[in-house]
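Labels run A, B and C following the written order; every chain starts at residue 1.
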Amino acid sequence: MSETMLIFGGWVAAGLTIFLFSFLYKDNPFFKVTEHLYLGAGMGWVFQTVLFQTWKPKVWEPLQAGDWTVLIPTVLGLSLVTQFFPRISWISRYGFTFIMGYGSGLVIPLTISTDLLKQIGGTIAPFMVSEISRANIGSLINGSIVAIGFICVLFYFFFSVEHKGVVKKASNIGIYFLMLYFGAAFGNTVMGRFSLLYGRFDDLYKYSAPKYFYATHVILAALVIYFVVDHFRKKKPEIEEEAA
Amino acid sequence: MKNFLEKLLKIDRRLIFLALAILLVFPIVKPLGLPNLNLGSEVKSLYERIEGLPPRSFVLMSLDYDPATRPELHPQAVAILRHAFRKNLRVGILTLNAGATGLIEEIGERIPKDIAPEKVYGKDYVILPYQPNPVAVMTQMGMDLYQIYDKDRDGSPIRDMEVFKGIKNVKDMQLGICITGTAMLDYWIAYTGDKFKFPMAGGVTAVSQMGYAPYLQTGQLKGLVGGMKGAADYETLINHKEKGTSGIDALSLAHLMVIILIVTANIMMLWLKYL
Amino acid sequence: MTLIKKYIPLAICFLVGLMTLASYYVPNKTSENYLEVMNKWENIVAGFAFLLGLFSLFFSHYNKIRRKVDGWGYSLFVFVGFLVMVVPALMSHGKQMDGTSLTGLGWGYRFMFNALSGTMFSVLAFYIVSTAYRAFRIKSAQAGVLFAAALVLIIGKVPLGQLMWDKLLGWTHLGVTQIVQWLMDVPVVAGRRGIMMGLAVGGIVTALKIIFGIERQYMGKD
């Protein structure tokens, strides 16, 4: 690809980024255009990926080779689209029930193993004889805190009995453990979002270089001019009214 | 004073936006060079596991992230890949996220350029195509992977590739690493890790990092790289600083701003209430 | 007609669900073969599922254009964005690279999709900061605990915070990294594990209800 196309790409990327950020100042047509482009481009990307990496090798090529069995899942898959036509929407049930039955059948044993048994095992592991015999007091204390906290959180989510007396106390302790979890998660969330923003600014900085003919600077300046002009343009009728 | 504080509490949020933008741009233009002091223990666990693998072991990397989480996860993938190649491991790259294919293409372009120019496609590494329905793919990977992946992303048959010598399913592989901004790592843990006793590690966004603490404690996860900080930690461990490390300055300043804003707002609120 | 419209789909769900479930607990050649076929088929079916999103988006914006509702012109850009990705893909047969140079599709991903998707999600950072200032009020002990955990984590994770901690609280000989690590290894595990178990029980019950046809909202109205 020619250098010109890469420079043009820099202008497009900088422009789209700045237009999306412009919403932070106020809603404007540039943002709206870019927002809609995003919806279409995202769907277009998924479409071409599925077309060339699933439909072609998994449906088209086997059919050409005479493997007609792929027609069964293809028809089931296509049946999903009938959802949009009320008179025949019941056909989509065949596709949906096939997906739901398979998913449900897989999820049950694995959830029991991964999120139930293994987690209960992890909670009681520090109290096993082999662990206790190591006389690691720190591990025992931490294990006890995890066990108490875990049980209290379960009490908090347990609505089959009224929360009063011991149950209320346990569930209150559970809330504190949840708050510690949410607090830690919040701290990390802040960090995550800043990383994304940093990534975009880093790109904008790249496109502000002379190699890209100062794309970021030029587009930013043009947008500022637009907002200034727009501001005065919208104020004009008021001034005219006052004069009248 | 009261009026001033009330006005300050209701300050135009666009001024806060501007302050944040300036604070993040400043270290990009003029890096502060802050040291990455404390490395996460879960990051070290993954590093040590890769370090301990015998040469030519097979590492499966599921890169399931798209541009929305690229700044956090792409540096992780590059650093881990660099480490794996340095240890002379075989690497299989795949994705179960349609949005990731472009980023994997970038990685495919970078491997011969700067990540590991001496490595040969088909012998040392392979890139597999995107597949929908992660659960079906993962379940099949535990039985016979060629039933679901018979060709690579360019359409070449993979069964006879040297990189797949002795590999039929995940039980023949030594480590799986899923780098994702979604719940894909949970699926990998359940559908291959636990089911087929396949050692799994992960790279996740900072947002979801805390949610994996129970899996680390039970040993269902062998290591975890979280967010840009995790990427910076990994880059420090392999002694090759890149995008993860360069972001640490900006993160430091922005975090300081958040803490100052929360504390200031609460002090002002207390002042208005009690004084 | 009820048989075709309702009972056969429910029977498919029941049979597929039960056989998939059984294949986990009865690992033999037959169950493995069954699961292999199912995995391949599900893979293909899921390849068509995204059409639901595609049709939904297109119908909604086509209707806006057809009815000329306010801002209908913007809807045209949904189709422009779609074509900008799909036309180059058709021209390059889905290849993003042609040797060492980018194809039109690769260009579209690198300079358009990358910028659009990345920016859309990064905007949230601004709102997090503004909300932290305007709405994060420590009015109770629970909110205090939440803030303390967030504060320690933020300080402990970034170098500037670690340097400040060492300067101000170094005399306590309590490293912030150790506190963060303890937080992650103990209370976070307890809190998260409780939520995880609740979700697991809910998930299992819902899956059973789907297999036995008790939960059938996903099938739509009769």
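The rule is simple: contacts are C-beta pairs under 8 Å (C-beta built on N, C-alpha and C of every residue); 3 or more make two chains touch, one makes a residue touch a chain.
Note that this is a predicted model, so its numbers are computed, not measured.
Visitor: Mind naming the chain pair that shares the most C-beta pairs in contact?
Guide: Top of the contact-pair ranking: A-C.
Visitor: Measuring between Cα centroids, which chain is at the maximum distance from chain A?
Guide: Using the mean of the C-alpha atoms as each chain's centre, the farthest one from chain A is B.
Visitor: Measuring from the mean C-alpha position of chain A to the mean C-alpha position of chain B, what distance in angstrom results?
Guide: 15
Visitor: Please tell me the distance, in whole Å, between the geometric centres of chain A and chain C computed from their C-alpha atoms.
Guide: 4
Visitor: Find every residue in chain C that makes contact with two or more other chains and list them.
Guide: 38, 40, 42-43, 45-47, 49-50, 106, 109-110, 113-118, 120-121, 125-126, 128, 132, 147, 151, 154, 157-158, 184-185, 188-189, 192-193, 196
Visitor: Specify, in ascending order, the residues of chain A that touch 2 or more different other chains.
Guide: 24, 42, 45-46, 49-50, 53-54, 102-103, 106, 110-111, 115, 119, 122, 146, 181, 184, 188-191, 193-194, 196-197, 199-200
Visitor: Can you pull out the residues of chain B that are in contact with at least two other chains?
Guide: Answer for chain B, listing residues that touch two or more other chains: 17, 20, 68-71, 98-99, 101-102, 131-132, 135-136, 139, 210-211, 214, 217, 229, 251, 254-255, 258.
Visitor: What part of chain B is in contact with chain A in the complex they form?
Guide: Touch residues, chain B against chain A: 14, 17, 20-21, 24-25, 28-29, 68-72, 98-99, 101-102, 129-132, 135-136, 139, 151, 153, 155, 189-191, 194-195, 205-207, 209-211, 214, 217-218, 220, 226-229, 243, 246-247, 250-251, 254-255, 258.
Visitor: Spell out the part of chain B that touches chain C in their complex, as residue ranges.
Guide: Those residues of chain B that touch chain C are 9-11, 13, 16-17, 20, 34-38, 41, 66-71, 98-99, 101-102, 105-106, 108-109, 131-133, 135-137, 139-140, 143-144, 147-148, 210-211, 213-214, 217, 229, 248, 251-259, 261-262, 264-266, 269.
Visitor: Which residues of chain A touch chain B in the complex?
Guide: 24-25, 42, 45-46, 49-50, 53-54, 57, 102-103, 106, 110-111, 113-115, 118-119, 121-122, 125, 146, 181, 184-185, 188-202, 205
Visitor: In the complex of these two chains, what residues of chain A are touching chain C?
Guide: Where chain A meets chain C, its residues are 1, 5, 9-10, 12-14, 16-17, 20-21, 23-24, 29, 32-56, 58-59, 70, 72-74, 76-78, 80-81, 83-84, 89-90, 92-112, 115-116, 119, 122-123, 142, 145-150, 152-154, 156-157, 174-184, 186-191, 193-194, 196-197, 199-200, 203.
Visitor: Where on chain C is chain B touching in the complex?
Guide: Touching chain B from chain C are residues 32, 35-36, 38-40, 42-43, 45-47, 49-50, 96-97, 100, 106, 109-110, 113-118, 120-121, 125-126, 128-130, 132-134, 136-138, 147, 151, 154-163, 175, 177, 181, 184-185, 188-189, 192-193, 196.
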